[in-house]
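Both complexes shown next keep subunit A, but they swap its partner, so subunit B is in the first and subunit C is in the second.
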Partner chain A sequence: MEIPYTVKPRPDTGIYNAKVGIWLFLASEVMLFGGLFSAYVLLRVGADEGYWPHGWLDVRLGTLNTVLLALSAITTLLAWVACKVGQFGRFKFFHACTIVLALTFLGVKMYEYHDKWIHYEIKLKDGRFADGHMIASDDTSVTIEGRYVTDEKALYDLRSQGPIPRDEIKISRSDILSMENYGPWHNTFLALYFTLTGLHALHILGGTLVIGYLWGPGSRMWKKDPERFTNRIEVSGLFWHFVDLVWIFLFPVLYLT
Partner chain B sequence: MSLKAFHLIFVSMMTALALGFGIWGFVNQLPWLGLASLGVAGLVVFYGFYFLKKLKKISYL
Partner chain C sequence: MNSEIQQFPPSRHSTVSHEQEHGHSEDAHHQENAHHEPNFWQKYIFSSDHKIIGLQYGITSLAFMWLALMLMLLMRWQIAHPGKPVPIFGPVLASILGQPAAGGVISPDLYNSFGAMHGTMMIFLGIVPLAFAAFGNYVVPLMIGAPDMAFPRVNMASYQAYFLGSLVMFVSFFIPGGAAQAGWTSYSPLATSIPTHGQLFWIIGMVLLITSSLLGAVNFIATIIQLRAPGMTWMRLPFFVWAQFVTAFLLLLAFPPLEAASLMQLMDNVAHTSFFLPTGLAVGGNLAHISGGGSPLLWQHLFWFLGHPEVYVLILPAMGAVCEIIANNTRKPIWGYKSLVYSVLTIGFLSFIVWAHHMYMTGMGTKISTFFQATTMIISIPSVIILTCLFISLWGGSIRFNTPMLFALAFLPMFGIGGLTGLPLGFNLSDVHLHDTYYVIAHFHYVVAPGTIFGLFAGLYYWFPKITGRKMNEFWGRVHFVCSLIFMNIVFMPMFAQGMAGMLRRMSDGGANYSAAMNSRAGADVVGGLSDNMMSLHVWILWAAIALGIAQIPFIINLFWSIKHGEKVGDNPWQATTLEWQAPTPPPHGNFEHVPHVYRGPYEYSVPGHDTDFTPQNEPERPVGSKVSLATAH
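Up next, the complex of A and B:
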């Protein structure tokens, strides 16, 4: 039995079934990310004064990732247009570009996560704080590249402080009261940052797998049913554009505020 | 809504982001970033019109 309306528009909706399906799915995605953005807004306005981080994320890397995703949206569109006009070779090229751009995005994101993972805030017994990236650690001491501050609030607003000098600091473990890296458990901002960008990165990964399938083994459909294959490319492109749109909101909210 | 229509929304949002990023650059004493971002906003608008012209025959639905 043939699946109905994979190519021809369904009379009551005016579009083929897969497009109805992807829009219903994207509606649920809007609710998912919308809920998380609402959580961000509520937690931020409820935060204690002076304890919401500013300038903790590298704007250069965020900008690079924005450019990568914007370019990938264009290559996705071009891949679909190439299918529409019957140029399979161009489709292959543009979707290969999409995959490379997506993997580069994920690579940059992993680098950012790693940077937070090795970043430590160390509370010392004399009341000061040492903050910086871990260089070495053994049973007796910890070495970081960072700085000392007397007031923990100085660690929150980095943007207003200008360039921060960082030195190699060796701290004896006997002087340490507590230490914690900049993982999602460190504070509310980082919990939101890892949740929002982690969920987004999973969407990028999922989209890349689907696009990779359509570029590779799935592209065999082009020979027997090019119209249906073109519709599949459009549906994957709609999902990809949605993921890109989410990033357009994430970037200013997390990196610029 | 077709990919063409969704791409148009994406281009509009990218333009808004580039404009906002430009303003952010000026506010944060990064005038080179502000100017570059406003330039990118102009390029995105140009691209938007170019893409609409090229895809005139493709439906919005």
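Up next, the complex of A and C:
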């Protein structure tokens, strides 16, 4: 006996096996990200007054990434439609677009991570704080592009402050009490930011690898078994749409609030 | 969604086309097989056949259960005789683990490791893989008349992820600092504060195990939805399949939040985030160098969101197996099949909204406690319905007392004790007294050890003839049963008393520091404490536990001996109705020679007017040869 309904839909359920599988997998993914989002809610509600960051992330870059993923959702759909109507060339074109868009998204994300990585909060011995991007550092001093503040809270709510000054500041190491960059260890918001977007970026990477495989070596199946190949494009597309959808939640939760 | 643009309309399903199509592919398959016979590695190690994968899961999980049992015996020795070297095994431990077991004495740190790993191994490496993955893999496709699982290669990946995860867990014993020490619940900040990389191994192991059960769960559900044989409607599914179906949904939806929590704990460990670490946390008397702002309660919520459905993951497959065996050995239909099905579905749903009854003592608030107390009381109703249906099924049956049936029968009162003693823990008022005492240990062990494990033993003895074509030895099976039953009860029954007397769990000295004997030595101003009676029960439990371990030896020998030397039997030695017994023995790759057609429900035993006292599900309504259209079979 062979396994039935691997390609053709089962008459009484109306779908083929892999499609059931991917929907179930997506259900579990909803629970996975649901667990992380509930962590976000609980930790944000429990945060100390005035210490939840606002405006730490660049809304323009976030919007750009949102547009990139929205476009990739469209090209993914069009790639599947192209398979459905038997236009292999169009499929190749649209999924090439998907892959380029996805890689651009990851590139922008890397830039954003790097921006946080070189961003330092420096506690000075005179009680002030220096905050900005590291330009240079040696044994005796560090140079940042940023500003001084006297109240640490001023570093948290950037949205109500207008433009943030970015002056070149040179600080002697002997004046520094402690310094820490904006990594996941810096505070709970950044921990959530790196974990949530990091897991999402891994999903983007995984989806890109699958779509890249189906676009490249995997597309040989088109000649032998176009129906099965089309199913694969549909199933991988469903995953891609889910990953897009997660971003649609991440963007307002992290960038806009 | 795609019906408008559907270029390849689904072919009309008919008996004729189905069989033609099928016959063709089978020929092609045979030719393929003739060309390359799979070698040992392809056949047994990297197999995608659901039966081989089921066996792989079964053997690995039984090995881990044995290992976890050994850990428990070492812990029981330490509890009964704190600080005394372990006889026989002590020097061995000292030479393998070094400092933590110096002089053959189990140090408190090592005790904590063993406690954490006993729980982790029994649950995640032992019972879930055995009950769900091993039995489910082997039996479910056969029961629904499918050739294999829906995604055989995903199935193989599922086992490999499990194997890798179990390896990571196992290796963690031998790293400096030893295995995880924060209990199977791994509460933060304790789990993050203990200076051992064992916790890191634990987390990575868990992520792999969760991945494995996710792949398995997707596969099971897709298989049950898509690959049911023609005529196998939902209400003709054997109850075992229903139980596995609900179990798969629990694994699918309850595990991911723990995966999320594990990722966050991993970040706490590796990236020094503070998801679960509160502001002002002190470790070893010093303020921890963390950003703070985390929530220990968050971990508990996410953990128990898995943790409670997990209890039903453990028990439902065993209930399913017990149901099959009871129907078969009472030779009558199961009483209240539909009640069973609806109850198991209700349990599945309710198990997602009872988790915080593990957290009454955390200070999460009385209103929340009240809600979870209410749902907890409600979930006991479907459980009691299932148990009642199984009890009533015994009424008026001509019962065959073979080994599987003995285990199945013992399951009923044992699970009953386990379940009913859970009610005082579900009421938050009485839980305040019983929380984290030996009462809790006794309660959940009654559910899992003499409950689930007996159900699984019943299943092993029952389905063994399908796997090997031979029965396991009946006499030694009974010896195994009687000894297990007696010693299980001697081990766990006294713990109820100890717990109610106030003995806390997780103490490496078994509460000696809180005993009346110790207190009287301390001076006149300290009164009370655990009485000598309560303390002396530890010794009873130790010897009963050792006897319980020894009682498993006949089973292990029987299991391996019977593969070659057991009594030879035919395809259907128990005269059962369900489809797995209508397949050849052992079932070949692809299971059935022809697609089985199902014409009736799963438990048609002793149908009046029928020649035999059982009517297999695939026996046609009319004499063979007359035309049976599929439409009527649906």
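For this structure, a couple of remarks:
The rule is simple: the second predicted complex is superposed on the first by the 252 of 257 C-alpha atoms of A that agree within 3 Å, B and C clash if a C-alpha of one lies under 4 Å from a C-alpha of the other, contacts with A are read in each partner's own complex, and residues count from 1 in each chain.
We adopt the following convention: a residue touches a chain if its C-beta (ideal position, glycine included) is under 8 Å from a C-beta of that chain, and two chains touch if they have at least 3 such contacts.
What you are looking at is a predicted structure, and each value in this text was computed from that prediction instead of being measured.
Contacts of A:Thr195 after superposition on the shared chain: subunit C is touched, whereas subunit B is not.
In the superposition on chain A, A:Pro217 contacts neither subunit B nor subunit C. Of the two partner chains, subunit C is the only one touched by A:Asn17; subunit B is not. Legend: residue contacts after superposition of the two complexes on their common chain; A:Arg159 is shown touching subunit B, with no touch to subunit C.
Once chain A of one complex is fitted onto chain A of the other, the partner contacts of A:Asp48 are limited to subunit C, with no touch recorded for subunit B.
Look at A:Gly89: by the touch rule set out above, it reaches neither subunit B nor subunit C. With both structures placed on the common chain, the touch criterion links A:Glu234 to subunit B and to subunit C. Subunit A residues 14, 81, 84, 234 lie at the interface with subunit B in one structure and with subunit C in the other. Only residues 1-5, 8-14, 16-18, 20-21, 24-25, 27-29, 31-36, 38-39, 42-43, 46-48, 51, 81, 84-86, 183-188, 191, 194-195, 199, 227, 230, 234 of subunit A touch subunit C when the two sit together in their complex.
Note for the complex: subunit A touches subunit B at residues 14-15, 19, 23, 63, 66, 70, 73-74, 76-77, 80-81, 84, 159, 234, 237-238, 241-242, 244-245, 248, 251-252, 256.
Considering their complex, residues 2, 5-8, 10-13, 22, 25-26, 29, 146-148, 150-152, 154, 214, 217-219, 221-222, 225-227, 252-261, 263-264, 267, 271-275, 279, 290-291, 293-295, 297-298, 301-302, 305, 590-595, 634 of subunit C touch subunit A.
Those residues of subunit B that touch subunit A in the complex are listed here as 1-4, 6-7, 9-10, 13-14, 17, 20-21, 24, 28, 47, 51, 54-55, 58, 61.
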